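Two complexes are shown next, each including subunit A; its partner changes from subunit B in the first to subunit C in the second.
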Partner chain A sequence: MLDTVIQQLLNAAQLGAVYALIALGYTMVYGTIRLINFAHGDIFMLGGYIGFLLVTAVSGMPLVVMMPLAMLLTALVGMLIERVAYRRLRNAQRMSLVITALGVGIFLENLVRLLVGPQARQLPAQLPNGVVELFNGVVVTEDKILIIFISLALMVILWLFVHRTLMGTAMRAVADNKDAVQLMGINLNMVIAVTFAIGSALAAAGGIFFGQAYSIDPYMGIDLGWKAFIAAVIGGIGSIEGAVLGSFLLAGVEVLTVAYLSSNMKNGIAFGLLILLLLLRPNGIMGRPELKKV
Partner chain B sequence: MSVAEPKRASLVNFRNVAISALVVTALLQLLGGMGLFNQYYLHILAIIGMNIILVVSLNLVNGYLGEFALGHAGFMAVGAYTAALIAMNLQLPTALRLPLSLAGGVAAAGLIGYLVGLVTFKTVGDYLAITTLGFNMIIVNAIQNIDYLGGPRGLTGIPKGTDLITVAACVVLTYWILRNLVHSGYGRMWLSIRENAIASGLIGVNVNRVKNVAFTVAAAFAGLAGGLWAQYQQFITPRSFDYLKTTEILVMLYLGGMGSLSGSILGVVFYTVTMELLRNVLGMISPQLADLRMLLSPLILVVIMLTRQYGLMGNREWRWLQPKREESPVGTGA
Partner chain C sequence: MRQLVWSLVALLALFGVAGCEDKGLAIGVSAPLSGDIAALGQSTRNAVLLAQEEINAKGGIRIGDKLEKITFIIEDDENRPESTATVFQKLINQDRVVAIIGSQSSKCSNAGAPIAESAGIPQLSPWSTNPNVTRGRKYVFRSCFIDPFQGKEVAKFARDTMKARTAAVLYDVASDYNKGIAEVFRDEFARAGGRIVGFETYNTNDKDFSAQLCKIKGANPDILFLPNYFNEVPLQIQQARKLGLTCKVIGSDSWDNPELIKLGGREMEGTYFTNHYSPDVDRPASREFIAKYRKKFNAPVDAAAALTYDSVYILVQAIEKAGKAEPRAIRDAIASTKGFNGATGTISYNGTGDPVKGAVIIRIKNGKFVFDSAVN
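Up next, the complex of A and B:
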């Protein structure tokens, strides 16, 4: 009994870690330019595939080299997308921007599908997968623990970056007031580009972990992206702590649904939770209500 | 100096356009039946017609009301399944089967739309988008879990009820109703909410109620399109009403231009014809190239948004589809 509970909790933590890595990108981009970046789920997918291609191209490339490299490449793609497709529309009506993001997302999905093929693929297992005994008889696999811990470490690094560095301060300032920030001599384009780069890099890490734990396919970004987005909204979009909290909460609910109800009801329950929460707390758990001047 | 001379009414007005559209589709259908007109073109026309109903009705919420709803395919699913069940299970005479099943689909989708609207319009902006998307997912997910509805496999063996003439008649009816609604006194309230919800409330518009009426009407027409679709394809699966279908409707809507009914027609025709042309032209060059369509279609969308961010028509209208100008026009409308 205790064993099952602990296994389920760890499964939830692993899934929640992946959700959180994606949700952080959503929440950061939303914080700076108020865009629901519909292409973000596909950047997560792309990150997984870049990792996959790196491992297949140079066999034996260790994870410590592959992962930072894939994160860097995905960050570049994220910055490129922002530069080419989003920047011109930054001051346009918001829906054009959202539709553009949708278009970019579909483009990425189909591009990967045409280049690599529609079938699901598994990243070669590169994490140690021995078992660790926690206490009398309860065992966990090492890769699960590592995925959870590396993800948490990345989140802590992000938190430190946002709260302890000059660039992070600039990012928070942009989130607060985009116009005033420019008067203070902050390079808005630069800050937004960095936001996209960081968000994409974290999503790539999520994609690689997901490929290690499950498998990757060109359309996984739709489902996972939406889930992560829900997580960000549940936590309060724009808030980093909220995104992490919402991700683990959503993953917990999902794992419990699969374990005790039915795996077919996973999505329905997730969205039901979202709607319920939005009605009770319209700005999410950690979100600040947006003040509007009439 | 012809100042005093009254302007001759143009022959190109809504009534004449609608009648000629119906006559032409009836003729094409007849020619198609005799093998003189390519069935493939008839198929494209029928798809265009059903998409027009979907896009025009979504335009009511996303264009005229100015909200960003993301769940239109969910209501289409409700209409499609209701109509399919009525057509399959009730022993109706053939002449009544289509109208009754469509009416059932419209009513069910409208009802669900009303209930969803009650909840949804407690939120605004991006949260509204997510809530409507959530309902779309919940509807599809619910259908997948109900065995009676065929679960994930869907329903097959729906009797064929829809042909091109039915579609054309429904398109004309939908367009006529929505156009008149938008230009009615009631429709002005939608526009006023779009421009400023708080100010509208202050001058006595019951904002939530008026919003929900628009949402219910839009959902009902999505149900009509769904009912037509079910009895045209003769089989339906929950997957065909998921987020991707909603996205497709949105793309056609924004391509044509928000807050322009004629723009919606243009958007649908442009999108559908471009897709089919790409498929055929690229396929002719080489079968492998046909897959490039999947890349070109989102690219076209992005390029249009970057160059014409208000869509092809913006919020302008084709004058000949507009209602007659009143003596003193109330504002400029959309």
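Up next, the complex of A and C:
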């Protein structure tokens, strides 16, 4: 009995780690420019594909080289998208920006479909994937443990960056008050570009892990993007700790519903609970109510 | 502004001219050229193009006493029901096709069928095995067997040949085909004296099945039935094995595509599935089709390609028999097709849209689909 619970919690942890890597991008971008970047799920997909193309182009490229490189390239794409599609709309109506983001997402999906093809691909397994028996029939694959720990490490690095560096302080300042920040001589464009870069790089890490554990296809970002977005909202959109918490919570509720209630009701129960949670805490678990200046 | 208007006028004129070009008899095809089972859409397109080339090389299709060229208008339904409905509307109302081949997955054929039925345009689906597709419809046909038959055969095979006493099923609850055959299997396996110990679901596009598989592992079944599409099955087997689920695995005709082996690799070894035909069964019509297909596309032949090819020729034969390119006459001619000798077997219709056909059981051995046995 206990072993099944632990096994299921490990399953949830892996799923939660991937959700969290995507949710962080949503929450960071929202925190700085109040944009729900609906293209973010597709940036996650693109990260997986960039990783896939790198390994295919240079066979035998180790993960320690491929992953940072793919994260860097995806970060550049993220910055490019912000520069080309979002920057000029920053002060336009909120809705124009959201629609543009949806458009960027559809563009990325179809671009990858045309360039690489619509079939699902699997990233060559680069993480060790032997099976470890923890105790008494509870098995876990090595890649699962690594995915959970590397994701957590990336989240810790992000937290340190945001709270312990000058750039991180600038990002928090932008989140607080975009206009005042410019009066203080902070380069707003630069801070926003860095936010997109970091969010995209984390999504790329998520995409690569996802490709290692499952498979990649041009449309994989749609459903996962929604899940991660919802996780960010539960956690309190704009809050980094909240996004991580929300992701593990969502994954936990999903997995435990399947395990102890019914797989048929997975989404119904998971999202029902989330609605309930948002009714009780409309700003999410860690979210702060937005102050309206009159 | 004026420039813009003029260029629009010019553009419309261009399309207008292109649209007027005589292409002969138009037949619609609705296929999943993109989306999750796009690999199967490619086989569909290949089979249609092969048949079109052959027919037109002979001068076209004989209607009455003159030959007419044939054009297949192949549209992408993305394997999504809502897109399929749009494709059917477009083919019927804009392209004025006399018949439609497609779609492939049951959920899509089911979305197109009411449109074809109410417009009185014959629809012939190559690969949709869910019984509801043709049920109560006069203009909807298929060229494959149906799931009540297939599900029964899989259950019998699991029970009698594989000697399974207990079975578990994991299936996509959001897809007509998967859900239909999973339920048939559940009932038939129990009827054959077996016990279903796990009946778990997921939703299309889910990629993590570990929670469901973990639960199935706890029930310790002798056999796991995965009636899902070839793009998802490899992930399910890999995750099952990683979780330490070691039981035998069987599947159904939705497995048949080279992608299954490409994605699943070694993990697919030793599994079995039911299929429409096997290239190993030596029938002249199959052999001829496979040789032509391989020569032209240099690709392995899946059942969807063979069934699509058969569907095209059933339709062509019916049009020739009807003697006129009129939907109602074509419908009647398809319904009275008897003993059509196709690549996937002999096809006859007995008053419904479902032909009487046998099935084969395929075993995966050394990365290849090998013929195991035939059932009728």
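In this section, the second predicted complex is superposed on the first by the 275 of 294 C-alpha atoms of A that agree within 3 Å, B and C clash if a C-alpha of one lies under 4 Å from a C-alpha of the other, contacts with A are read in each partner's own complex, and residues count from 1 in each chain.
In the analysis below, contacts are C-beta pairs under 8 Å (C-beta built on N, C-alpha and C of every residue); 3 or more make two chains touch, one makes a residue touch a chain.
Treat the numbers as computed from the prediction; the structure is a model and nothing was measured.
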item: Which of subunit B and subunit C A:103 touches, first, second, both or neither; value: first
item: Subunit B versus subunit C as contact partner of A:113, first or second or both or neither; value: both
item: First (subunit B), second (subunit C), both or neither touched by A:32; value: neither
item: Touching partner for A:267 - first (subunit B), second (subunit C), both, neither; value: both
item: Contacts of A:8 with subunit B and subunit C, given as first, second, both or neither; value: second
item: Partner chain(s) touched by A:131 [first = subunit B, second = subunit C, both, neither]; value: second
item: Partner chain(s) touched by A:93 [first = subunit B, second = subunit C, both, neither]; value: first
item: Subunit C-contacting residues of subunit A that also contact subunit B; value: 113, 222, 264, 267
item: Contacting residues of subunit A [partner subunit C, same complex]; value: 4, 7-8, 11-12, 14-15, 113, 117-120, 122, 129, 131, 137, 139, 141, 210, 213-215, 217, 219-220, 222-223, 254-255, 258-259, 263-264, 266-267
item: Subunit A contact footprint on subunit C (complex, rising order); value: 34-36, 38-39, 173, 200-203, 205-208, 210-212, 214-215, 218, 231, 234-235, 242-244, 259, 263
item: In the complex, subunit A residues that touch subunit B; value: 30, 36, 85, 88-89, 92-93, 95-96, 98-100, 102-107, 110-111, 113-114, 222, 226, 229-230, 233, 237, 262, 264-265, 267-268, 271-272, 274-275, 278-279, 282, 294
item: Of all residues in subunit B, those that touch subunit A in their complex; value: 62, 68, 119, 122-123, 126-127, 129-131, 133-135, 137-138, 141-142, 144-145, 198, 243-244, 247, 250-251, 254, 258, 291-292, 294-295, 297-299, 301-302, 305-306, 309-310
